[in-house]
Amino acid sequence: MKAIGSTARVEQIPTHIAGFDALAVGGLPLHRTALVMGTAGSGKTVFAAQFLVEGVRQSNEPGVFVTLEESPQDIRHNMLSLGWDIVAMEADAQWAFVDGSASLGDEDVLIGEYDLGGLLSRIQGAVARIGAKRVVVDAIGALAIRMGNVGRIRTELFRISRALNNMLVTSIMTSEQSSDYGEVGRSEAEEFVVDSVIVLRNALEVELRRRTLEILKMRGEPHRRGEFPFVITNGKGVEVVPLSAIALEHKSSLVR
Amino acid sequence: MKAIGSTARVEQIPTHIAGFDALAVGGLPLHRTALVMGTAGSGKTVFAAQFLVEGVRQSNEPGVFVTLEESPQDIRHNMLSLGWDIVAMEADAQWAFVDGSASLGDEDVLIGEYDLGGLLSRIQGAVARIGAKRVVVDAIGALAIRMGNVGRIRTELFRISRALNNMLVTSIMTSEQSSDYGEVGRSEAEEFVVDSVIVLRNALEVELRRRTLEILKMRGEPHRRGEFPFVITNGKGVEVVPLSAIALEHKSSLVR
Amino acid sequence: MKAIGSTARVEQIPTHIAGFDALAVGGLPLHRTALVMGTAGSGKTVFAAQFLVEGVRQSNEPGVFVTLEESPQDIRHNMLSLGWDIVAMEADAQWAFVDGSASLGDEDVLIGEYDLGGLLSRIQGAVARIGAKRVVVDAIGALAIRMGNVGRIRTELFRISRALNNMLVTSIMTSEQSSDYGEVGRSEAEEFVVDSVIVLRNALEVELRRRTLEILKMRGEPHRRGEFPFVITNGKGVEVVPLSAIALEHKSSLVR
Amino acid sequence: MKAIGSTARVEQIPTHIAGFDALAVGGLPLHRTALVMGTAGSGKTVFAAQFLVEGVRQSNEPGVFVTLEESPQDIRHNMLSLGWDIVAMEADAQWAFVDGSASLGDEDVLIGEYDLGGLLSRIQGAVARIGAKRVVVDAIGALAIRMGNVGRIRTELFRISRALNNMLVTSIMTSEQSSDYGEVGRSEAEEFVVDSVIVLRNALEVELRRRTLEILKMRGEPHRRGEFPFVITNGKGVEVVPLSAIALEHKSSLVR
Amino acid sequence: MKAIGSTARVEQIPTHIAGFDALAVGGLPLHRTALVMGTAGSGKTVFAAQFLVEGVRQSNEPGVFVTLEESPQDIRHNMLSLGWDIVAMEADAQWAFVDGSASLGDEDVLIGEYDLGGLLSRIQGAVARIGAKRVVVDAIGALAIRMGNVGRIRTELFRISRALNNMLVTSIMTSEQSSDYGEVGRSEAEEFVVDSVIVLRNALEVELRRRTLEILKMRGEPHRRGEFPFVITNGKGVEVVPLSAIALEHKSSLVR
Amino acid sequence: MKAIGSTARVEQIPTHIAGFDALAVGGLPLHRTALVMGTAGSGKTVFAAQFLVEGVRQSNEPGVFVTLEESPQDIRHNMLSLGWDIVAMEADAQWAFVDGSASLGDEDVLIGEYDLGGLLSRIQGAVARIGAKRVVVDAIGALAIRMGNVGRIRTELFRISRALNNMLVTSIMTSEQSSDYGEVGRSEAEEFVVDSVIVLRNALEVELRRRTLEILKMRGEPHRRGEFPFVITNGKGVEVVPLSAIALEHKSSLVR
């Protein structure tokens, strides 16, 4: 059994994502890992990148973006349309990529042989190099597929999450879901491994798509509960629709 | 066949969780194991920890918290926001952690090789050391994943449950569910192994989440049946919403 | 081909469970095995034990209770709250337990190696010793899990059922279901093996639980069909809600 | 390729089951095999036995009843409550049992080793002995479980069906279904193998059970389509509810 | 890469099935294979046989009927009730059977060993012998079961379809479905392999069955879309219910 | 880690498919791969071919059509009915086929042995030969079936997609779905691998089929969201129904 450590109140850091910190009653828990889940195109990558971008811009905290399937170049391109000049941030050593996608194109990387330890070392190296305070891992689905069984995935996610927490960074991992309102990530049970779960939905309602964000859980923290609409716009990224305090009171309430 | 033992009425101990003992018509059966089931963030850990906290505070009964995935340090942090100073209780030998999570981070613990006997001995040791009357095991999902087949899980849960009962403690085990209203824990059938089942739900109803608690079964005991709303609040933890006796009569009734 | 035997009308014995014999138009078929199916906490064990208790009390027929997972001591305790003093009945040689649960706690009983023949001999022995006329086997789920494949379970259930019938006792076996209104016991198909099937339900209807009992089939017998509400109360156990003959006529009707 | 045979119109024989022959516009196709499908207690065995009983009583055609799980003695008992004295018919060599259930109680019959050829010879023998014109095989579920894979079951059912047709008898096979309105026998696809399919339903509709009969298909024959209510009563067995021609016209119509 | 061939407009041949050619805006694509899917008794065999019968009667085109489970004799019998004298057509060398069912009754044909090449040669032989222009393969379910895995079935269907097209005949293959409105043939994905898909439904709507026909796809062809009611009647077979052009305009419209 | 490249705004190329480019706010992202998903007959092949046809006609960009199951000759025939003379374009070296279907008819191509590298080289060769700017791969379902496990498919699709992007062409891959509104391509998770996903639906609504097109995601791009009706007509192919700006405003709105 470990020695009993200090017992300070769980601290939170603001994400500075418009409207989100109000829902989270402060932001994300410090030095913890939050999971952002959603279907294809629900906004996981935009949300996660924005967490880093706003960290650089508003909190002066460098960030590391670990990409497991898309290339860093794709991410750079895609984010530019949102007005985020990642290349400039990289040049300022405020942003670093860890390219975990490379091996995916290689024919000789077999399932079950993924070198997680190597990836963690590279993340550790990038964090140390730029003094990162925030890390994003996007997206764990590609990782899960390279491992054979469910039990191992849960164990590995737990291990990644612990390792990130030990680097004293606050992190976001993203995870792909096959439907907006089905069971939450059930086959992998990844929602049980982390301290916080944020669900992004892009649901079809009679021919129209509607985006909502929900904080499903945040261990040790009060937070607003239920679904809140958000938009993704040119130049701004994710904005949770601002509701007046009264409207909020009507639609939802502080966690109980 | 064993000798025929004594036949005293099943005794119950109060949990002192606000509102719960009224539903359970007394509390949890003495020296038995209750299962608390729920989805991610439904409040399983809060409920279970509160069972120990109130045991210390109101019944002067020391408690042992067995954590199978989160670290004791995480639990300490998370519970502080609810106003529970676990470190102080540990210092008074009123609370002890058994850290079953340690091995989860190790790469070399293979599925199917979990040493359940060792865990039970460590629990027994902690119980003896502080004279514990209450034990929590949070959460068995991580355990289940480390074992290969369903039959073995049911057998092992039964074994844990028996071992705890033989230590003459009253226990709570928590179990993860993938949906709020799906079939109850069907793949593992753990709800058949224990004497009492409590279900915590955190269901999405048109954009809002609503928490309810239900005593699904309590062998040999009358109890209120059906779902009752509850809240989790800063400084108080779980509170089952107090309904006047009349309202209760209207909404539900004593077990029949 | 066997010799053609006698062809007397199928006899029935009263269960003396309040309200049930009226639904069954006489009771359970003599020297046959009925299956009682239900979810966790639906009342299977109470119903089955009550069949033995009332046999002792009202028909002076000794009974054997075979428990496959709970210990006899647990059953004794749980039934006491219902006002049934099983210890006294055991002392009078009116009740005997066969403890099929013992081996469940043992680490060395492997799946697929369960000694069904041994269990049947022990049941036979207990039946002979107290001159039992009624037998309960509670619950076959634990048994099923110890066998590998579905085909074998069906075959074994059939074998148990035949063996019990050959001991010239009237029996109840209980079986766990994962949902109240899902397909009836489909994976094991146990409902096809026995002559009578009784389903106990404990369904959630907008926050409230409601208990109902249904005789799903009774080969060679007329019986009332459809669901009938019942309660479990302190000191009385299962009581099928008494409806006046007129109300019954309205809600249901004799089997057609 | 076989020689081209005679091309007479498909003949039908009356079942004499009350109301059924009107739905079937004549009865069952001569020297063919019809499949009667239904859930537990839906009336498969009663319907099939009645086909033989009425054959003896009204057409003076002897019948062979092949039972694959229940013992002949059970069938005799169960049918007596319906007023059918099978023992008397056996004595008159109007009825013969083939007991395919015997081996089921034997521990040493392994799955996959069922001797179908032997069973067919015994059926052939019984048919020859009493000059049977009608055969019932009740129920194929037990058979299916003794064979390992779906492909083999389809092949074997086809083989049984052909063998029966070649004995120049008109036959009914019964088959167990797990739900009343689910997909029709999908895993085994037995409904594609036979020429006629009759579905018996015993559906729960708001606490009440309701029996209906439907001719799902009858190759080469016109027949009434849709569900028709029926009852099972003491002394009469299955009776399809008699509707006036006008009412029938309203509810259904001749096959189109 | 093959040489670039001729590029004439896709030709169609009339089926002469009443009402169908209007929906198909001409008929079936020449020298292509259409798939007719449906549940048991939905009318697949009648539709397919009628395609050959009308070919003989109205276009003077001989046809080959490949039967994979029923015997030719069964088909002859069943079709007679519809007024089609197949024996006469066989005598005129206008119709030929290829009996692919024979081996099904043989115990020694193992799954996975079906000799598809041999079957194709026999079809080729029959086509050559009578100068057939139309071929029916009824039904591929029996074939699929004799092959082990899904991938292989798709490949084989494709191979059969190509082989038939190369014989310069226009063909129909029938395929069994387990439900009327479930996913279209999903496990085998046979609907992707062929150029045209016709779905026959026999859906239960509040106790009544209702037959509809739909052209789900027809590559390179305009066709009416949506479901159209049809009947099967004595002496006429399938008739798609004739709707006036105006009514059609209202209910559906030319493919867009 | 790769060197940091240029960071120009994501460029788009017009598809010139009527109405589509307005939804996509410009067209498809340059040198990226879009996935077009849909059920059988939903219009995937027409849409993909039209992308090449309009590229030739309106942008003077040659195109390569890779067909994995249908023969080039079939495609040529089918497209002719839409007014597209592919043979003429082939003669002008504006269009080239890569025939990946050939091996499908061969009995000796085993599952799991598909030579993806060889296919990519042939595509590369065709692209180089005619200076293609657009590529279509139709359809990946046949490919997926030739590979054993899901993990490998995701990896291979990613590899094809990368290879196409590296050839500096803009591509469309089509993928078969088993239902219109079920989970999006869940078993293969192909929707997560690509940058853009377009879903074509052909849904049955009370007897009628209705075609809609939806841009499910487009990484790094604003686009209209939700379903838009389209038609396929003789001589024009796919046309997304033109809505006035006002109607559009009402039904949908620019991506947010």
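To keep things simple, chains are lettered A, B, C, D, E and F as they appear, and every chain counts its residues starting from 1.
Everything that follows uses one rule, which is that a contact is a pair of C-beta atoms (placed from the backbone, for glycine too) under 8 Å apart; a residue touches a chain by one contact, two chains touch by 3 or more.
Here the structure is a predicted model, which means the values were calculated and not measured.
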item	value
Co-neighbours of chain D and chain C - touch as defined	none
Minimum number of chain-to-chain touching steps separating chain A from chain E	2
Taking each chain's C-alpha mean as its centre, the one farthest from chain E	B
Interface residue identity across copies chain A, chain F - same or different by half	different
Inter-chain centre distance, chain C versus chain F - centres from mean C-alpha coordinates, in Å	61
Whole-Å gap separating chain E and chain F, where each centre is the average of the chain's CA atoms	30
Multi-partner residues of chain B (at least 2 other chains)	none
In the complex, chain B residues that touch chain C	1-2, 4-5, 7-10, 117, 149-152, 154-155, 158-159, 162, 181, 183-184, 186, 189, 191-193, 195, 197, 212, 214, 216-222, 225-227, 251-252, 255-256
Chain C residues within the chain B interface of the complex	39-41, 45, 69, 71-74, 76-82, 85-87, 90-91, 97-99, 104-105, 107, 109, 111, 139, 141-142, 145-146, 176, 178-179, 182, 204, 207-209, 211, 231-234
